[in-house]
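Written out below as structure tokens is the structure these notes cover.
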Amino acid sequence: MIKINIQPEDFDVTSEIKSLRCRAIGAIATFSGIVRENSDSKSLISLTLEHYPGMSEKALDKIARQAMQEWPIESVRIIHRIGRLTPEDNIVFVGCASAHRHAAFDGCRFIMDFLKTDAPFWKAEETKQGTAWVSQRETDTSAKQGWLSGKK
Amino acid sequence: MIKINIQPEDFDVTSEIKSLRCRAIGAIATFSGIVRENSDSKSLISLTLEHYPGMSEKALDKIARQAMQEWPIESVRIIHRIGRLTPEDNIVFVGCASAHRHAAFDGCRFIMDFLKTDAPFWKAEETKQGTAWVSQRETDTSAKQGWLSGKK
Amino acid sequence: MRIYYFAWVRDHIGYSQEDIHCPETVKTISQLAAFLSQQSAGHAKAFDDLNAVRAAINQEFVNSDKSVKDTDEIAFFPPVTGG
Amino acid sequence: MRIYYFAWVRDHIGYSQEDIHCPETVKTISQLAAFLSQQSAGHAKAFDDLNAVRAAINQEFVNSDKSVKDTDEIAFFPPVTGG
């Protein structure tokens, strides 16, 4: 089961974890991404997230399917927030449920790594110096490359 | 910050994640272990967990400290339930908060792998065939060995 | 051909979508970008560094040598920064 | 010497702790296990396969050649199965 939402609203991790449960599973790994106050030593006022409606849902679904093909994962939950967010707000949630913990961990990490490079979302950072679009991080593209070359 | 509880009571993941938050962090990885109905094709009625009071807290604290030495992790939360649990109950929760997602993932997985081999907890499984102590899994000892030999 | 722009590509161009009729000579994403960059000063700025721009055809990422046709949904945007 | 037993080690012995005065000849964990195994049929069963039993001294895991002294808190238990 794959469930994906792209929404301005916040989410509640306990209910999301509940939605991942079924009798076959013994392990749920989750990731919550949170707006950090400090980014490259600038003090952040807000982040604004935009996406490509239609394509972003498809891209996340494809990443979730890839994870479920690679590992014995029973269910995947992805929530990506859009719009204006301030420090300490949730940005993204990924949860993977499996019978075994290593599949849950691997799936969750894989989805986050590919979400960073393969899903059409963009962030603009507002600081005292003004608002600027965030550049792609080299560490994110190399995290994806790690999976593709078999390093985990 | 390390917070550890060993308790019969259930836990709420949202509040636990909240307790891990601070301005410096951007990533929280969590693991929830859940009682599975089926274990080695036997249908489970209940699990009873016991521990070595005093030693179990120390062992978990030591594992959390090791994770925080290895990766830039800001806070760790560990909850291990004891007593009688039934299928779909939570058994264990591990949460790691960090500025960056890979440290959070690595720390969370490391703590779970070492908890399985280095913390004095024991499970008895009740099935229709009676109640029996669970044997240690070879996959758990090898998961720990993986970290010690540098494989991640 | 429906074209969408996102993030700073849209900011430079000034709007988020347009319908374009391309000349026959425009056969690939890079030819389309070259054609679009002549539409306005904003377009020129958006497509100034083609290495900095990514594209999708019908909501799939594509390379710049990919063929385009008039019924495609095209999008231009910076490298993604979600998560 | 205070000794704790857990899981099936305790089940075989029938209780979870005891205070023992050991002879001078008991200097290590394995010598203590050998001494304890003579205390009752339950003890004998608990310590029947020493490879299956783990030990802690003062709440730290130890190997069977580790020295014990009278003021130590000792524990015997199966390999752990938490999580």
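To keep things simple, chains are lettered A, B, C and D as they appear, and every chain counts its residues starting from 1.
Just so it is clear, a residue touches a chain if its C-beta (ideal position, glycine included) is under 8 Å from a C-beta of that chain, and two chains touch if they have at least 3 such contacts.
From a predicted model like this one, the values you see are computed outputs, not experimental measurements.
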Along touching chains only, what is the step distance from chain A to chain D? 2
What is the shortest path, in steps, from chain B to chain D when you may only step between chains that touch? 1
Here the gap between chain A and chain C, centre to centre from mean Cα coordinates and rounded to Å, is 26
For chain A and chain B, what's the span in angstrom between their mean Cα positions? 23
Report, in whole Å, the distance between the mean C-alpha point of chain C and the mean C-alpha point of chain D. 73
How many angstrom lie between the centres of chain B and chain C, each centre taken as the mean Cα position? 48
Find every residue in chain C that makes contact with two or more other chains and list them. none
For chain A, residues that touch 2 or more chains besides their own: 33, 112
All chain pairs satisfying the touch rule are A-B, A-C, B-D
In the complex, chain A residues that touch chain C: 33, 49-52, 54-56, 58-59, 80, 91-92, 112, 115-124, 133-137, 140
Over in the complex, which chain B residues touch chain A? Could you list them? 12-14, 17, 21, 23-38, 87-88, 99, 101-102, 104-105, 108-109, 112, 143, 152
Residues of chain D defined as touching chain B within the complex: 4, 6-8, 11, 56, 59-61, 75, 77-83
